[in-house]
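In the two assemblies presented below, chain A is common to both, partnered first by chain B and then by chain C.
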Partner chain A sequence: MSGSIQAPAIDARGITRVYKAKPKDVTALAGIDLEVAPGEFFGLLGPNGAGKTTLIKILTTLLLPSAGTARIFGFDVATETRKIRRIMNMVAGGEQSGYGILEAREQLWMFSQFYGLGAREGWRRVDELIDAVGLAEQRNQRVSTLSTGQRQKMNFARGLLNDPWVFFLDEPTLGLDVSAARSVRELIVGWRAAVPGRTVLLTTHYMAEADELCERIAIVDRGRILAIGSPAELKRRVQRESIFRLELDRLAGGPGGLARLPGVVSAVAALNAPADPDAPVRQAVVINLVLREDSALAGVVAALDGLGAHIVALAKSEPSLEDVFVELVGRGFDDNEEAARSNEVPVEPHEAGQPDPEEKR
Partner chain B sequence: MAAPGVAQPGLPAGGSPPPSAAPGLRAFVGRPTASPQAAANWTPRQVWANNLHSIVGRAYPRVRGLTREPSWIVFQMLLPFLTTSSFVFVYRALDAPAAYIGFVVIGGAMTAFWLNVVWMMAAQLYWEKDQGNLELYFAAPMNVMSVLIGMAVGGLVMSSTRAVAILFIATFVFGVSFSISQWGLLIAVFILTLAALYGFGMMLASLFVMWGREAFHLTQLMTEPVYFVSGLNFPVGRLGFIGALAIALIPLAVGLDAMRQLAFVSTGPTGTPEPWIEALILVAMTVVFIGLARWLLHSMEERARREGRLTVRWR
Partner chain C sequence: MIDAGLVEGERFDPGRARGRGTIDLLRSFRTAAALGWKMEANWTDPVLFFIYSVAKPVASALILVFMLQVIAGPAGIALRPFVIVGSALWSFVVSGVAGLAWAVLDDRERYRMLKYIYVSPSSFITILLGRGIARLAVGAMGAGITLAVGVIVLGVPFNLGDIDWLLLAIVLVLGAVTICALAVVMAAVCLQTRQESWDYPEVVVGALFLVVGAVFPLSVLPLPLQAFGLVSPLTWWIAGVRQALFPGGPSSIGGPGSLWQQLAGTLNPSAFEVVVALLLSGAVVTLASAILFRSGEARAKDRGLIDRTTGS
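Right, the complex of A and B next:
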């Protein structure tokens, strides 16, 4: 079977990957099963060294799995590499591709030629994308002089040159400031929405990013998928009760009266600090209300009337993906940084003795 | 969720977006393909076009760099020129035949190509890997041989300017007089020499990626001996058996010897094979080197995919 219409965008079965390394082999992936539907925005969330990049390398045909199979729109990553390379692209955070002596526009054109565009078609597409990613002013600036954020926008334009059906993003906002990260995220969302069926696989270790962008998330750690689902589903897994923050104009008799209502686990007065110090001081009562389930809220609201209280504000407190992660992995997110970063490869000095005009940056 | 490959509703065929679309959206829509499956199937014509465009694409930064960094051209011309000059003075002092000075000048011009092959062909892919380009090349749809050929084409353009400059300046400064009878064969030998040289570089490129640092040092060690046995600065026939071996194995040695025989007919026999035989040797070398380059590139890719070496970890 190869490339059938109903094929999932990504279909990985039993993927393992072992790296030969000293002093002992590293198992980067220990049995990954993953199915991503066409058009889905899928996230891999995990700490350093979890195996995210390894999985992306396998799916982008750059690395063979030690065991297992993976297909992209039905094409086998081990054998049908050519076909997959025609319909995918990838961008990684901190990517330093290309040649410093070229201008942004020239570098993009060079890549367009690799991706199957014609010469004139390439220039047209490059100009259009440069505007779309917001690099109009840097169009003729040398690649070596672009800032990190501009550089990453250019990398994005590169990734979009061939209109990929599946776009792999490995920590695309790594090292970007808040506003550059936001514009990169907006780019991804805008691009995907422009044509139905476009699939994105994104790795990140920013919880908020995964939460904001992804329709489904797999939480990975030590080469395994610990949980998979929509952000809401994942959060629900750690949420056994519903928690509300209830703000009332006043409450005769205190919160104790609410605690006795059916379905209410607890009702406790919260610290009454207004979030905004300039807001008019209110004599409000804030209550942290823990319910067995959401439906118990109706009883509480009905009871308030009898107590002569009016609702000023009501908000459901959501657990964060971080809570999910801590619950699943049993430790915080960044606790094992150094374990993953110890794998430095020495850099070959550029002592070539011959000036190399392409490498100058 | 939308089915894959259903083009954007409301989009006319050919993919131009509705006029109201923001500029960003138009770029994001791109050139819609009917489905991933359709987009993955290319006609042989598309495959060819992609490979040819990739050659031009990879040659582009080299040609561009030529105009952008004029300072290093001077530098790269000056060094070979100085070496050439020193030999010219030695030969003059020794009252060597006039043709020897011509030999040295041709050798100096060809050095430009050889340096380019060693540093910007053989070592290039290895540097590209550090840069993160290598994985992008492999992740793109073209045959990576196109990248190697593009590197060679760009390198040829770069070094030709240098070689021509050295040839003209030295000819003028030292008053070299050529005596050429078979122009056609001379040009053919020149082109074949370059083909064999760059084929050799393409072959080394994959070896460098596989062997990394060791290959790098090996080349550094090899540079001088190769200069020597290639007879850059004297006729290789003088080296007897070693010279014969060099002619059989090193493209620079054969090519230079053939060109010298053809450019200075008056010198008489040099103790080496006839130029047309050397031309055939060059043809064989080109075929073998490029064939090996293809095979090595392929096995390098397979091995690197198995061992996880197409990419640099710390990126």
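Right, the complex of A and C next:
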């Protein structure tokens, strides 16, 4: 079978990968079935060691699967590598890569030649991409003098040299600071939106990143896909009750009075943590309200008047992907990586996949 | 944010999955060689460049010459051309064979670019050879300067008119191919390693040094080692260059009591015999290297070693 633009961008069937290792062999992937349509923004979300990088390596022809087949736009990763390499590209994060001695522009031009562009066409394309990724000022700087974020932008420029049909991104914002991570994300989104059909497969262990960028997500753990769906679909799976965050000016008698109302599962005082830390401290009472269904809210609102309380704010709390993960695996996502995180460049609290539920207004 | 220049049309062009064959190969080779030259030669640090590419080969040649002087006395002077040529060529072999292997290790461990090279549609081996040629060029400079020092400083008798240019041209071309083939084998081996293996190439090449007649004739070696020397293309290459530069000078292959004499019946191989032996042994090594590289690459890909780094 040969490739075509009608074929799925990614079509993996029963991909298994076992690494031969010292004490005993490691099964990094234990039967992955995955289909990504052309034009999709697809995310692989999973904790450290889930097998995300292994899957990307197989799909990008860096590594052979132990069993199973995978096709990129119909081309087999094991036998049609050259064709796949022309229409895909990859960028990995969290690494300091580059030929330090070359200038940024030179290194990119070198790759443009490896991608079969003509000499002059190569320079034109490189300059275009350097501007697009925001490295104009560094174009003639030695690679060794670029910052981590600038190197990653250069890496993106390399990845876009062949204008890939499918772009594989392995934790592309790992180790970047807040603003560099944001500009990398904007870059990805902007690139994909420019031409319909451009496909992205992104791995990440930042919940918020997956949530923000991906149209569909596969949650992976220990080499298996536990669930696939849009972020909203995945969250809906764990949402059996309605959770509200209720902020009142005061509440005589505490939240106990609310808990006894019909349709209310629980009403518990939350830590008073206003969304904006710079806001003046208010004497507000914040209550996490769990209802059997949304309609029970009416009774609560009616009862508040009798308790002499006024609503300052009311928001429905959505479950986060973290909640989905906990539900699926029975353990937290970041359980074993807090130590690693503390050595890293600080990331946005938003991005760090904080366990508290994210609120949507 | 991404300008319109990136937009190449609404639909993908299925022809994109096809390449342009030889044009692509040549382009990759040329680029890898040119930028490889810039990287390998390390122009930014001329002192380091001088030490590794010029001072080191010259110094090792001089050490050998003076050792010869001490051991053999005045008789050693007659052997100087032998030692100088062998030593100069040897530095060329080292920088060629070890150079390509180091390019692989550098790309994987230091620059962490090997995987990006690998997933480009370009031929992997072509890019590696381009890098290797750059190292060979650096090695050729060192060899040339060593020869020049031998002639100018040590007064090695050298006459441009005596040189057998045809023989020289033939053996240089065949020799370069052979060295590249050996380098490719070394690169395939280094691709397999999981731990630091920067020393491997020099150790392997150093072992060869003893059996290919670089600085002393094969006839001083035990017969099994002589046999090994006779099947090695490097032996014939060095002998060929010697014969071309100093026709009628001492040979590293034959001589009284040598294995060559026992097998062939003549004291020394003729120029023709040297070329034929180089051609045959070189062809075998080149063929073997192609097979070894293919299987080495497949093994590395199967084991996930292409982007392996020892540090992480």
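The criterion applied here is as follows: the second predicted complex is superposed on the first by the 258 of 361 C-alpha atoms of A that agree within 3 Å, B and C clash if a C-alpha of one lies under 4 Å from a C-alpha of the other, contacts with A are read in each partner's own complex, and residues count from 1 in each chain.
Please note the rule applied: a contact is a pair of C-beta atoms (placed from the backbone, for glycine too) under 8 Å apart; a residue touches a chain by one contact, two chains touch by 3 or more.
Quick caveat, the model's predicted, so the values are computed rather than measured.
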Chain B versus chain C as contact partner of A:Val166, first or second or both or neither: first
Which superposed partner A:Ala9 touches (first chain B, second chain C, both, neither): first
Contacts of A:Val178 with chain B and chain C, given as first, second, both or neither: neither
Touching partner for A:Leu62 - first (chain B), second (chain C), both, neither: both
Residue contacts with chain A in the superposition, chain B compared against chain C: B
Contacts on chain A seen with chain B and repeated with chain C across the two complexes: 3-5, 19-20, 57, 60-64, 73, 75, 82-90, 92, 95-99, 101-102, 106-107, 109-111, 113-116, 119, 128-129, 131-132, 160, 162-163, 165, 190-191, 194-197
Residue ranges of chain C in contact with chain A within the complex: 1-12, 14, 16-20, 23-24, 27-28, 30-32, 35, 38-39, 42, 44, 111-113, 115-122, 127, 301-304, 306-307
Residue ranges of chain B touching chain A (in the complex, touch as defined): 1-8, 23-33, 35-37, 39-42, 46, 49-50, 53-54, 56-58, 60-62, 64-66, 68-69, 72, 75-76, 115, 119-120, 123, 126-127, 130-133, 135-142, 147, 158, 212-213, 216, 305-308, 310-315
In the complex, chain A residues that touch chain C: 3-5, 19-20, 54, 57, 60-64, 73, 75, 82-90, 92, 95-102, 106-107, 109-111, 113-116, 119, 128-129, 131-132, 158, 160, 162-163, 165, 186-187, 190-191, 194-197
Parts of chain A lying in touch with chain B, wherever the complex brings them together: 3-5, 7, 9, 17, 19-20, 37-40, 57, 60-64, 73-75, 82-90, 92, 94-99, 101-102, 106-107, 109-119, 122, 125, 128-129, 131-132, 160, 162-163, 165-166, 190-191, 193-197, 343-345, 347-348, 350, 352-360
